[in-house]
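The chains carry the letters A, B, C, D, E and F, assigned in the order they are written, with residues numbered from 1 in each.
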Amino acid sequence: MSFLFNSNRPQPSSQEKIAAAEAEIEMVSNMFNQLVDTCTKKCIPPTYREGDLNKGESVCLDRCVSKFFEVNVKVSEKMQGEAAAKQGGAVGGGGMFGS
Amino acid sequence: MSFLFNSNRPQPSSQEKIAAAEAEIEMVSNMFNQLVDTCTKKCIPPTYREGDLNKGESVCLDRCVSKFFEVNVKVSEKMQGEAAAKQGGAVGGGGMFGS
Amino acid sequence: MSFLFNSNRPQPSSQEKIAAAEAEIEMVSNMFNQLVDTCTKKCIPPTYREGDLNKGESVCLDRCVSKFFEVNVKVSEKMQGEAAAKQGGAVGGGGMFGS
Amino acid sequence: MSQMDALNRQEQMELQGRMERKQMKDFMNMYSNLVQRCFTDCVSDFTSKSLQSKEEGCVMRCVDKFLKSSERLGERFQEQNAAMAQQGGMGGGR
Amino acid sequence: MSQMDALNRQEQMELQGRMERKQMKDFMNMYSNLVQRCFTDCVSDFTSKSLQSKEEGCVMRCVDKFLKSSERLGERFQEQNAAMAQQGGMGGGR
Amino acid sequence: MSQMDALNRQEQMELQGRMERKQMKDFMNMYSNLVQRCFTDCVSDFTSKSLQSKEEGCVMRCVDKFLKSSERLGERFQEQNAAMAQQGGMGGGR
């Protein structure tokens, strides 16, 4: 998701570099947490007749991951397109505290 | 939402002043995020037949913002009333770690 | 929930000790927030005909707390069992950034 | 809390500072959850832009009930937590 | 914001740094909520591993609509916030 | 991660410290989501104050299933992330 972190500043400080790396890891980690939440809701019925994943659930989870990545690519492309259309301004979306 | 930040201390330190300002901004920002979440759930049906907002959705969103602010005013007045009734103690609500 | 915080390091620094204590408090506080969320959803119907808790709601809340603790004990025992089965490795669950 | 005993005076003050910030954050979260919940449950008519008196009454009772629930849950939670600590089980006692 | 006036130059810079980090975090949260919401509403067929064109269209319109909603809500929010500040009510005005 | 390469030794240690705190926080979140989910899905009878054996069984299977799901999702996620990085697409590869 590196499009989020294109900084134009010449020499980032140590703290800025750490913060950027941290943000990048957090982005991936957030995405994983959302994936777990979304895909278990889609694929695991709330009955729990057995503790193991059955065949149908397993296949559903695999496909859900695949589709979730595809959706992420589509959405991020679209957002980049929008940001570019606003001529390269900071990606701000509906942000309230735009500088 | 300044009622939340009435500090009685005489001379706040730099860190305290920054933290207070930060908390105030966060409060507004939280409120906005909740508003987006609540009003899109109320006003945007999950069908997405077109990407634009139609007339009905737009009007619903506008009214939702208006009502959301009204509810915030009512709730904060009520909470201030409750806090005052407990004779000016810190606004603690159901907090677990009251000092 | 002290099983989470068994550090093997000999002499924790001040910052580590504070962070550990903070994490422990946060764990309890998280658990309380989840409890409030879960038990009000289970016990308080969204109609609000009166502002007071009626008898049925009060009793339901009390029992909900009791069962919520029991579930926490069961789940944490199970997770400890799983962690022990993986011979005492760090309790990592589905963590993505295992070191 | 088991590990708090081991903190010296200065560490306790640092921890307390953080806890105060956390408490404020928790309060703000509680407040916005409350607003969101009562709004969602009580306001569903968007044919006008001001709150109907019926909706307002519902919101007030909702807040009332939610605060009373939280208070009751807090009491029960602390009882259980204390009981648990005595048994030396999960939860870590002071 | 009422208390920001009281900050000196250095404090304002510190605050601004924190706000930039917060803004990035908010953007990431907005982004992942958007993905989760549009995925949940538009993707329900797990008989194949690639997105159907019908699903893709739905996701694109969902994103579009959500961004427009957020923008509109942001405008209304700021109007209301400004109006409130003038009345000296809740919300604290600049 | 693209930008991590640029960190020097000391910066990496600082980052690692933050990641450890984040990992603990993530674990706690995962744990409480798990409890909340299994509680919500399995416990609905409040005519008694102790867990019924039927409920307990359901909770145990729910935890089991959830952990297995997370593990499987984690594997797939890393595969996809690696594939994506190779294509030089979104996600930034090591």
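The criterion applied here is as follows: a residue touches a chain if its C-beta (ideal position, glycine included) is under 8 Å from a C-beta of that chain, and two chains touch if they have at least 3 such contacts.
Remember, predicted model here, so these are calculated numbers, not experimental data.
**Q** How short can a chain-to-chain path be from subunit B to subunit E, counted in steps between touching chains?
**A** 1
**Q** Which option, C-F, B-E or A-E, should count as the same interface as C-D once over half of the contact pairs match?
**A** Most of the C-D contacts reappear at B-E.
**Q** For subunit A versus subunit C, what separation do you get between their C-alpha means, in angstrom?
**A** 27
**Q** Take the average of all CA coordinates in subunit A, do the same for subunit F, and state the distance between these two points in whole angstrom.
**A** Centre separation, subunit A to subunit F: 15 Å.
**Q** Show the residues in subunit F shared as contacts by 2 or more other chains, in ascending order.
**A** In subunit F, 19, 22, 26, 29, 38, 60, 63-64, 70, 73-74, 77 touch at least two other chains.
**Q** What are the residues of subunit A that contact at least two other chains?
**A** Where subunit A meets two or more other chains at a single residue, that happens at 25-26, 28-29, 32, 36-37, 43, 62, 66, 72, 76, 94, 96-97.
**Q** In the complex formed with subunit C, which residues of subunit D make contact?
**A** Those in contact with subunit C are residues 1-4, 6-7, 10-11, 14-15, 18-19, 22, 26, 29, 33, 41-42, 58, 60-66, 68-70, 72-74, 76-77, 80-81, 84, 89-92.
**Q** Using the touch rule from the top, collect the residues of subunit B that touch subunit D in their complex.
**A** 4, 19, 23, 26-27, 30-31, 34, 37-38, 41-43, 59-60, 62-64, 66-68, 70-72, 74-76, 78-79, 82, 91-99
**Q** Which of the residues in subunit C come into contact with subunit D in the complex?
**A** 1-3, 5, 14, 17-18, 20-22, 24-26, 28-29, 32-33, 35-37, 39-40, 43-44, 46, 48-53, 57-58, 61-62, 65-66, 69, 72-73, 76
**Q** In the complex, go through subunit F and note every residue touching subunit C.
**A** Counting only subunit F, the residues touching subunit C are 16, 19-32, 34-36, 38-40, 43-44, 46-51, 55-56, 59-60, 63-64, 67, 70-71, 73-74, 77-78.
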